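See the structures that follow.
In the two complexes below, chain A is the common chain; its partner is chain B in one and chain C in the other.
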Partner chain A sequence: MKNKIEFGSWEATALMINLVFAQVMLIFPKDMVHFGGSAGWMISIIITLITLIYFTIVVKLYKNIGSLDLIDISASVGGRIFKVVVGLLITVFLTLVVSINLGAFAQTFKIISLDKSPLEYVGVLFLIGMLAAAYYGIEVVARINAFLVPIVIVGFILITLGAIPEFETNNLFPILGDGYASIAKGSILKLSVFSSIIILFFMVPFFKKQYLKKVGYSSIIISGLLLLWSTLSFILVFPYEIAIDKKVPIFQLARRIEIGNYLQRIESVFVLISAISAFLFLGVIFTFIIYIFSKTLDLKRSKPMILPMAVIVFSLALISKRLNIELIGSNALNLIWLTGMALPLVIIIMGAVKKVGVKDNGGVKNGQKN
Partner chain B sequence: MDRKIKVISLFLSIAICAVTLVGCYNNGEIENLAYVIAIGIDEADSNSFNLIFQTAVPKSIAGGSGGGGETTVITSFKTDNFLSGLKKTGEYVGRKINLSHTKIIVVSEKVAKEGVTAFLNGLQQNMEIRPNVNVIIAADGAKKYIESVHPKLSSSPAKYYDLLFKSYETDFLVPSTQLEDYLYRAKNYGAQPVAIYMGIDKDINESSKPSADEESKKMIIEGLAVFKMDKMVGNLDPQEATLFALLTGANNNINIEVKDPLDDRFKVLGNIIKEKSSITKVTVKNGKPEIDINLKLKIDVKAVQSDNDYDEPDKAAKLKKAYEDYLNEALKALLSKATYDFKSDIFGFGELTKRNFNTIEEWEKAKWPEIFPQSEYKIKIDVNIIRQG
Partner chain C sequence: MGFLNSIGKYIFYKEQKGKEGFVLKENKAINCETAQNIASLDVFDKKELEGAFVGCTVNDDILKNNISSDIELNKKIMMTTYDMPKNTDLLYREFNITVKDKVLRSFIVFIDGMTDRTVISNNILQPLMLLSNLEIKEKPVDVGEFIFNRLIPYNQIKKVQKYTEVISNVNFGGCVIFVEGLEYAFMADTKFWDHRGVNAPKSETVIRGPQEAFNEQIRANTALLRKILKDKDLMIEGVTIGKRSNTPCAVMYIKDIANDSLVREVLKRVKSIKVDYIFDSGELEQLIEDNTFMAAPQILATERPDKVAMMLAQGNVAVALDGSPFVLVMPATITEFLHTTEDSNIRFPYVTFIRMIRIIGIAIALLLPGIYIAITTFHQEMIPTNLLFAIEAARENVPFPCVVEILIMELSFELIREAGIRVPGAIGSTIGIVGGLILGQAAVMANIVSPVMIIIVAITALGSFSVPSFSMSFSIRLIRFAYIILGAVAGFLGIALGLVLNSLLLASSKSFGVPFLTPFGPVTKDKYADKLVRQPIWKQEKRPDYLNTKDIKSQPKISRGWSVKDSNEKDED
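And now, the complex of A and B:
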């Protein structure tokens, strides 16, 4: 059966790139320094390579699955109960992702731009963007990503290019930083930056199946390059001893740029692009939460779920901040985030073993019900 | 709903929220803020210090209806920490203090010798303050320095500070005197901090004032203050500071004069450009650093007081030798002073030494601050005289 909603490979690629890139706007480069010291940039390369290997395995397994998403595969593998269990598990996982990140983005903006504003006010602004995204649905969100993500990336690259005169190659030494063990630990824990790859396996029905490879590889490679460049720029400007204390790494990088008398204080560019990136990130995840939850429970209409889900997400975000737990970047949370890579792999292996695509011939309804 | 309308609606929703996040709620009207352009720290009695704030008066600077008066207000408070001093100033001037236009932090020499990192740490955590604020050590006290600043050619004191430091760019002003670099150096071993050193120059007189007037003694930059971790241990004079800038490569537009090799009554002024092929290598052998400095310099002769023509090859060769001899001697004296007298690696040789170690743990085990004073130097200077025009 033909899918009601469709978008191209570029829309899907842009959306996937921003899901990874949004972490750069938070604390990713600082985390790299935390694990690797002066060798933090190596972790970016290692996690990108691991993710590429992971995706190669998944693509091979997907060969016989057709255009099914993870919920469809679960339904075919274990029936309705298994589908509901997997669907709810993914919903809870993504709710946790969006809540923690909503809190983190609100906190970041409070630090860099809205220091007098209450955290709730900043959070509500993001929530409005999320509600609008979920209301208009996956297709619109994907198309918005297609033209806003390049603007965000160009803004980021301009900031880092402006910082080049501040680069100091001595900052990359000692070359192995905190040593092999620390780099290995960081490479495992920070794989979590690619945990939102789970969304890719829900987008398969929205674009043609042959695009899975193209979307997956291109988004992983471009995201990997952005992760590497952000970490490298950060370490080249700030020696590891002080980089570890920098609260919002790319913002701090932007503050250093001063080219003559005419190019100064360009951190305002960072504030704008990180706001857009945050909206797109939160909007995409929240839209998929509504989609997955509705599909899991076979709800005829998904829009009534938007407001209650938003209240849950907002409450969780505020609770996490009020408890004053520094969740973003914590090892426990990094391990939880790995669910985003482990769960799809398990389900896809089960689907491949049972050859669900061959059996169902790809004929599963994937249209989003409104 | 039509697809295009949906996309445009979502775009507008995101745009409105993004613009709001950039700062509408935090509307900071200029009338509601007090812009601090200089912060000073002077010694007081035990465990406390005098905190001085020089705050801009925007109306006077703009020359508007309320203009014509003083362009800055100087207030000082006795306090034991920066935050309470900041709060007191805000209460006193009746506005929220804003540090986004702060240009200098002035510390009295006496306080600098005791250490100021704890104070500056608190300051750096303020997101408003720029990382490139200049750190100044005032030999005669911070308040005295700030009060001595009366810009005559500019109505904006912030602009005055900007131009003041720019005017020294051709000599020895280096980025390592800025707040972020200062703090990095004060807390780590790879390089030690330097700051701008200010003193009173009694030779400067303004014709509008009697020369005997105390106020006419003007503060000028007298070189660089040298620190070991966060404590000041000495200072470099302007000549040494110029060589420091040359050696660290922080400035590639330095003027140095030498005695005319053909007539020692006169001097020759040259603009020195350090070539990119200049290289400094550090190796640690038996716990002792060996530092090879290979400087390749181009000297553009700017002014010759005598009638000697240094375009002629044999005369140019003599000038080349004069520069090489002068730089060799002066650099040796500077390195000796910093290494053996001050025991402070202000040149950042430690940062280069990190290349010899594979991991941070190995680097920390080397204990650079302890072995640095045992350093041995090999200096090679190659000068190439050029004359344009």
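And now, the complex of A and C:
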């Protein structure tokens, strides 16, 4: 009976796509319009290209590193203390990501679906999903992503296709929207949508290393296309002035669909698919928090950590909502989110310099476990 | 006088004799220590230990001894073990065999009703009692060998050395022959009892395909499989389960296809079971499955030999148990529960269509009531306005909320279904009519439920009938209630939560090392052409990747030789 976690490239790709796609369901298209106006769609192309360049660099660097994740690399580079520091930093970062997104999803679903229920109630429903995901572990979570994410994406595409009769090409003009500066600013700040790429560098030991390239590129490209299509369809339906005020963009898009008098207001379908996407997003990040935290502190059993960590995440999510701080979409937070891309790059550069985990004359350098 | 007596009964008090009712008392402690602690056969000869077995059973350790050459001792052991003559269906017959000038005392033991009496009389008793008197030309060197070679003209006979073998064979329709002076016994396989023949399947009917089903006879079942597969590499390994029942069980696989570790694991699990009795493969399924607490089944139980044969050919392992008309096949993933044998017998476009219908049926059976509750409670805007008016008008006089309404209807439907199965066949259809039509109509007229709800429950029931597997259908019926509750408490968000939790549960479970959701989660190599949609039969070149079979190819790339022009034909042209 093997205890090793293992999954294929498709599972990893689907998981990564959803980590980006869940942002589309929240606020991403609106942010694009906020930064770029009618040229918001360009930002999604630019950030995809930047991420592709970033990933190409990482892949090049990974040639000098074995099948190690960020914790293993930091342990090999700077010893146990460095490993603990990096591990805790990533845990805190991901805890922040998951708690802010938990609050945002709870708030969104309260607005669009459960308007009479208290926020805590909606939050608890998401929390149950997160707890279950963490209980079953990374392998199982990756497996369900493999078949649920395609369903979610097909649902999303159908919604946007249903909105095609509402498309107004005039909305794309002026072609450069608010100008170069705004597009550039938006491209840097909204690069944060790919901040969850940090998770990819924890999955390297789970799939064969040669698939890193395939998983990374395919997930970035598919996610980029989804970002582009979501922004484009949002801008095409809503003129800039109206779009800037829309709270949940794709939901608003779904509300506009009307095909005959039998298919109208299919925003509830959006509720279903975005809820699945949200459960998967929160579940994946929370599962990885437990995994990273346990690995950082060399805990033999990770399950006892699930409940305390859930309490922390839930409390943080509620605090930000109680204090009425609008975190999602704020510039400061967008910059913090970039840690998800910067931190792995730094660690991977250090690992590549020391060539950790690379087989050296038949042996393994720097203590990679076989 | 009689009249006076009758009057007297009313005037004078007469004490009634107390009538003592039966009380199930605890067994009196019988001291079986002597019987249990002895392992030597001497006990049967000792006068002082003669009463040691009264009320006690013969210890297995004694029976593990080798058979004695003393015919009297053997007789005592058999009589004591089976508690003869109290045990009336156990038959015992003494007779003499003449070998050359010697007369040897012998006896046979068999169970009446489980053995073929004609065979015992004509092929065992008659030759032993009569043939032995004929003049023997050769010089008998060994009495046992002479009896075996010349005096018992029966095809299925073997020598057994231990009493345990004797007992287990007699229990399963054998006839044992003890002969004076021999340290072994002859065991004739004379089993014969009334049984059901090979009938048409009852729970897995098909239009196109064989109409045979397994019955309760293990040998008949294995023969049905051999008949279909006709493969020399089909292995049927025998195992017995049950400390007391010694129920025969067959583990079947094709040795050059099935994965060795899978075969070992199945054998390990089956052999490791320690129960007194086992009655059906349903019990065996529960004893060997990976996860007992999961709603979905993890082992496929089928009554169709062709289905088992197909799965054996694809690399699965099957287990048949004597007395059960259902054979277990493992590992079983979600696809196996969605397929029928008919799928391979009809053309692939039809199969693809029918599978889509089946999947829609399953989705309806699982989700429709929950989604209806979610829509009517939280997402009314989804319903077209005219339909919304109609639903509201129909519900106007119903005092219950939707969720109560649907729970009443679902529980009533389950009640009707259960009652329909339990009542005798003749009135089974009446239950359906009374329960389904009259009760439904009356419930609507009494404003207990709305007509839309009847439609929802009826469509859900139709959906659940489209599930090919009986066990899977059960699991869907159970989980449906969870979706109803989730839909009622959180609308589509609740349904989404249910889908995620359900997916986690299914994705975490394994059937003999194979993840249950294979080939969808984890995704396996796409060469296997019979996942959700079935490809043309000539494209099905590979066996399922997840079974890790020894031989992955089930047919060459070009399985239809005629589709390629051969060289001879070219020459002729």
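The working rule: the second predicted complex is superposed on the first by the 355 of 370 C-alpha atoms of A that agree within 3 Å, B and C clash if a C-alpha of one lies under 4 Å from a C-alpha of the other, contacts with A are read in each partner's own complex, and residues count from 1 in each chain.
In this section, a contact is a pair of C-beta atoms (placed from the backbone, for glycine too) under 8 Å apart; a residue touches a chain by one contact, two chains touch by 3 or more.
The model shown is predicted, which means the values in this text are computed figures rather than measured ones.
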Chain C versus chain B on the shared chain A, clash or fit after superposition: clash
Which superposed partner A:L272 touches (first chain B, second chain C, both, neither): both
Which of chain B and chain C A:L148 touches, first, second, both or neither: both
Partner chain(s) touched by A:I197 [first = chain B, second = chain C, both, neither]: neither
Contacts of A:I128 with chain B and chain C, given as first, second, both or neither: both
First, second, both or neither for A:L70, with chain B first and chain C second: neither
First, second, both or neither for A:I292, with chain B first and chain C second: neither
Which superposed partner A:F7 touches (first chain B, second chain C, both, neither): second
Part of chain C, among the options 81-89, 495-503, 531-539 or 549-557, whose backbone runs into chain B after overlay: 495-503
Chain B and chain C contact sites that coincide on chain A, given as residue numbers: 109, 113-114, 117, 122, 125, 128-129, 132-133, 136-137, 140-141, 143-144, 148, 268, 271-272, 275-276, 279-280, 283
Partner chain A, residues of chain B touching it in the complex: 3, 6-7, 9-11, 13-14, 17-18, 20-23, 25-26, 127, 130-132, 180, 183-184, 187-188, 190, 348, 351-352, 354-355, 357-363
Chain A-facing residues of chain C, complex: 375, 378-379, 381-382, 384-386, 490-497, 499-501, 503-504, 507-508, 515, 517, 520-523
Touching residues on chain A, where the partner in the complex is chain C: 7-8, 10-11, 109, 113-114, 117, 122, 125, 128-129, 132-133, 136-137, 140-141, 143-148, 261-269, 271-272, 275-276, 278-280, 283
Of chain A, residues touching chain B in the complex: 37-38, 109, 111-117, 121-122, 125-126, 128-129, 132-133, 136-137, 139-141, 143-144, 148, 168, 170, 173-179, 239-242, 247, 255-256, 258, 268, 271-272, 275-276, 279-280, 283
